[in-house]
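Here subunit A shows up in two complexes: once beside subunit B, once beside subunit C.
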Partner chain A sequence: MSLLSRLGPKSQSQGQSQKTFKSSTSPLGRAFLNSDATAAASAVALGPTYGILGSVGGDVDLAAAESESEVDVSLADLAAADDAIDEARAQFNAGNYPDAFATYNYAAQLIHNNAASTARWFLAALFQLNLNLYSLAVKGDETLANSHQKTRCLEEAARTMNKAFSVCATDRFNNINQSRKWGVYYICNLLFRTYFKLNQINLASNLIRSFRGVDLPDLSLYPIAHVVTYRYYMGVLAFYDEQYRKAQDDLSFALINFAPLTTPARIHNRKLLLTHLIPINLLSGISPSDVVYSNHPELSDLFGDLVNAIEAGKLGSFDELLQRKQKGLIRAGVYLTIERCRIICFRNLARRVFLIRGKPTRLELQDILTAVTVAGCEADMDEIECMVANLIDKGLLKGYISHEKLMLVLSPNNAFPSLDSVPV
Partner chain B sequence: MAAAIARGEENKDVIDWDEYTIVGLCQKLEKSYLRLTSAPDPATVRPLPVLRKTLDLLGQKWKQDQNYTYICDQFKSLRQDLTVQRIKNEFTVKVYESHARIALEKGDVGEYNQCQAQLKELYRLGLPGSKDEFLGYRILYMVYTLNRTEQVKILSDLTPPETQSPPIRHALGVRMAVSTGDYHTLFQLYNTCPYMSVYLMDLFLERERVKALKTLSRAFRPSLRVAYLAGELGFVVAGEEGERRREGVLECWEWLKGLGAVFVPGPEVEVEVTLGKGKKAKVVKRVMKKEVGWEDVAVDMKASVGVFLAKMNEVVGKGVDIKGQIA
Partner chain C sequence: MVSKTDDKKAAPAAAAATAKPEEKKKVVSTIEEDDEFEDFPSADKEVIGWDAVEAAEKELNAWKDSWEDDDNETDFAVLLAAEKKKVSSAMKM
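Moving on to the complex of A and B:
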């Protein structure tokens, strides 16, 4: 059924003849009527559009078949949206970001409300629309903050984007090849980005919960860019939840499948990824390679010396560095995880003592106390016993302590299991 | 407001001017708390000068009677009178701080949280008070609730002078000790608590003791004396001697018994026992386990591991009950 023949009563009552419809409707209206992806995308653009059309999915015929939906479209709404976008462009060019955002947001809401009739062809425009919304919101909030006003744009944007998410997720009519469901992860990623920026990470879990009950194609079928970004965010969320193994899985996948570092944006994103992956890998005894540092010098600044201290078991240096770099590590969101690496540092120190003594089955705790003191850390025997007890409890050391003899009795095999074999 | 300024009035005690702000008329110092369902009658609201006297009176009464129900009731009505008159000043801070400390002492976490939430706001307005003390409490509370996100937030907002302040340094030490499993430092800090922080640490004391015990039981063989455990788990203060030490060890012993710990039996001794009386008396040799004294009694670590592990799963699995917490 052609969309044209199912126009709502409102437009028909305006008394315009069908023949003049296609030429007199607004850009968005025309795009909707013709299921024209390119036209829709340029209708919502703020400036020159590039790259977006490619992200929808290579093998999809963008000038796709008409929607199977029985839902009506309000051309009046779309015309209003077009006008609003024009106004937003003007405000944007004049540097009036808060108003540009508000106007564009209004347009976005109108478009979302009429999107139920669209199909996969519409996704390029939907992505562009919401991405522009995000950028305008960020700029708008910047302006508001600079003039000491309450920053409200990004929160508003999040609400509008949530509608975009439902538009994608609840596509009941189209067959799977034409479905809007192929947009779900892109919008989801944009929402994650927004929630992180708003520092409202708890909202991310609400979003994830709303995935359940939606019948989606398998993640692996989506464009790799969407998948990598999604797994990055899932990795960071798992990281904050202290589910380090899951975080390691997600982030490692994202790293392996990361696009070549050809743009500044990509370099920045990969740096963010690595910032979270490095501490987790340290807990498994994996250190960053030199390539990482040469690609991202800031990571060398942040982690370089800490990694050296941990590998060498330099407990004193570790403590001092942790203290000195606390603010930077907190800003990067990884302080608590690096704190957890202290036990790894101590494990490496204890292992050195073990090696120096020729891999014996019995080690005097006094030796470890001496080593800790040499490493620049003040401690007494009680503290050493506590730290060694923690090593054993966490499976980093196989053996037991004899308190009477102040001796560590070690398992003859594998007393210091390799770090990646120990559950984090 | 413009009219008031024109009249040359400037009441420094009231931040938010409003023509309709009530000024109380009641002169009675004590007042029981009644939840408001409509606009308050100025005749029942005490003005600031009266409220100041009320606070002094409550301080005395608390010292004398230690009646928490009465005190809490009085404080709530005191807070209410401040709220309806929109009084936000140093005195307001003092009121909330006093109520918070009393609530902590009595373990009333819900009331403490309400006061803490108000204090956070009042400090943010720039009002003076015992900010460091209460920031220390906030940090300890986050340790109790294991709220990582809040911990990081507080850490990131700390200024260098704050990190040097004793109550905050103490609380930060506790936070790190709990985070890294350093039970040794944790219980030393427990015994050097500033202000009322010991009451906050009491909230998670049991949980951390059980965690420590589990770690100890996995690492130490064959056994550990209760006297040693008492020191490591904070029942005994380092360096304590004599009767206080004995009491601490006994308390630890009772606690361990309550958990179901398995103790190392005393040595077997042969004892001569007299059975019967008079002509029928017989002397028999019996083997008995000698009772072990408090200084020597030890926990069989290997045998107790299962018990402690189960207890830990129970304690950690229960989760944390957030009482009356507002943000």
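Moving on to the complex of A and C:
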């Protein structure tokens, strides 16, 4: 970290802020003065750059981007950032990740502080800068944790990324086509990822709140990868908040729109998404198809038997499987939601009895008790009454219980409303 | 599922893999890493936009239409029905 002390505080040399090409200027400085997206991106790269340029979206002519605002850049800051990134590269290559992070973080702060003069052309570099920052922070924290030190990198990274978020969200000068606002969702997604990694998803609500009052282009105009990722995180957040309808909307949208994203990450991400969407859809009476299972054998392992048990109303197998898969379900964060499916399983069993009896308007509770016993579940009449009352309470069954006669009186039409019409 | 354009993109993707070996290792080495929604490598983002969505929409038919069948011929349903008969006849006796 010697470099940081050598560099000292933010440079005051604003006098160099002129929009002229200077051969003596550092790579970042030149990139800023020339609005050169490629040069900026390669200046912040840790390794060889690869095609990140497309990610700013739209059909912007990157080279022709001309900002209307005054160029207000400290070339000294940018030169310092260049030096810091050089040093971070060396530290990174030497495997010294915590220091590499600290140095790179310093560079990122300098760059963010000087980003007000930039426009949409700068986003490719900004994305790369912050993604690198994230990766370095994760590596840094791993190193620290392995040597039993307190982790701090990712938290610091989150603060720096928040600044990147403002850099994007508070672009007041560029016209919308050239605006940094096109970077809002990418940076937001990276912050979500950081919060999830830090296990601090409560911070996400602050971030979501900060969207209010920001005049942004419609979400559908953003690059699809940004939107899919954003909707994924919104869906998972809604899932943890038990807003299952919203989660279902967001995750279903993301799932459908994975299709055009032809990357290896897509398969992995789709698996994560389905891990959350399958339990939600089960609550709505929708089960995954064989396509899902053949594409994702892990999901077949985790959910396959449970789904069969729920569909058929095999309450005993459900209970046994829930216990057997408990660890995996908890790790995936879906145990509680699957547990909720027990009532769906029972509903399907009761409906089966109803069908076998020829859709009568009265069912003896004894019938249901027998069915539950056949399904391999031990229960007495009190429990059955309670479970049926639960079905009625949740709107999964239309009817009432005659306690004296131990009889279930069913609504003559639509006694078992379809599950997707019942709020979960 | 894999379109022709993939070949062109394989190159930057491979470059990404070499550029960031630490990220790749991370993904396979620990279980926790597996829980992370990965950044979509951006090379393909400019090539494929929203227009392609509709065409590809049906690619993954992820869900069964409905389980609300009235089919009483499944193994379990048959077993249940048999049990009902037993119970009914026992009650008559």
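Operating definition for what follows: the second predicted complex is superposed on the first by the 394 of 424 C-alpha atoms of A that agree within 3 Å, B and C clash if a C-alpha of one lies under 4 Å from a C-alpha of the other, contacts with A are read in each partner's own complex, and residues count from 1 in each chain.
One rule holds in what follows: a residue touches a chain if its C-beta (ideal position, glycine included) is under 8 Å from a C-beta of that chain, and two chains touch if they have at least 3 such contacts.
This one's a predicted model, so the numbers in the text were calculated from it and none came from an experiment.
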item: Fit-or-clash call for subunit B and subunit C when the two complexes are aligned on subunit A; value: fit
item: Partner chain in contact with A:355 - subunit B first, subunit C second, else both or neither; value: second
item: Partner chain in contact with A:386 - subunit B first, subunit C second, else both or neither; value: first
item: Subunit B versus subunit C as contact partner of A:398, first or second or both or neither; value: neither
item: First (subunit B), second (subunit C), both or neither touched by A:370; value: second
item: Subunit C, subunit A and subunit B - angle at the middle CA centre, rounded to the nearest 10 degrees; value: 100
item: Partner chain(s) touched by A:246 [first = subunit B, second = subunit C, both, neither]; value: neither
item: Partner chain(s) touched by A:163 [first = subunit B, second = subunit C, both, neither]; value: neither
item: When both partners are placed on the shared chain, which of subunit B and subunit C touches more of subunit A; value: C
item: Minimum Cα separation, subunit C to subunit B, after superposition on A (Å); value: 14
item: Intersection of subunit A interface sets (partners subunit B, subunit C); value: none
item: Subunit B partner contacts - residues on subunit A that touch it in the complex; value: 201, 240, 242, 326-327, 330-331, 333, 335-336, 339-340, 342-343, 382-383, 385-394, 400-403, 409
item: Subunit C partner contacts - residues on subunit A that touch it in the complex; value: 45-55, 57, 127, 131, 135, 138-139, 190, 193, 196-197, 220, 223-225, 228-229, 232-233, 255-266, 268-270, 272, 274, 281, 285-289, 291-292, 295, 311-314, 348, 352-353, 355-357, 366-367, 370-371, 374-375, 418-419
item: Sites on subunit C touched by subunit A in the complex; value: 2-3, 5-6, 9, 12-13, 15-16, 18-20, 22-23, 26-27, 34-50, 52-53, 56-57, 59-64, 66-68, 70, 72, 74, 76-77, 79-81, 83-84, 87
item: Touching residues (chain side subunit B, partner subunit A) in the complex; value: 148-149, 151-152, 155-156, 176, 179-185, 214-216, 218-222, 224, 228, 232
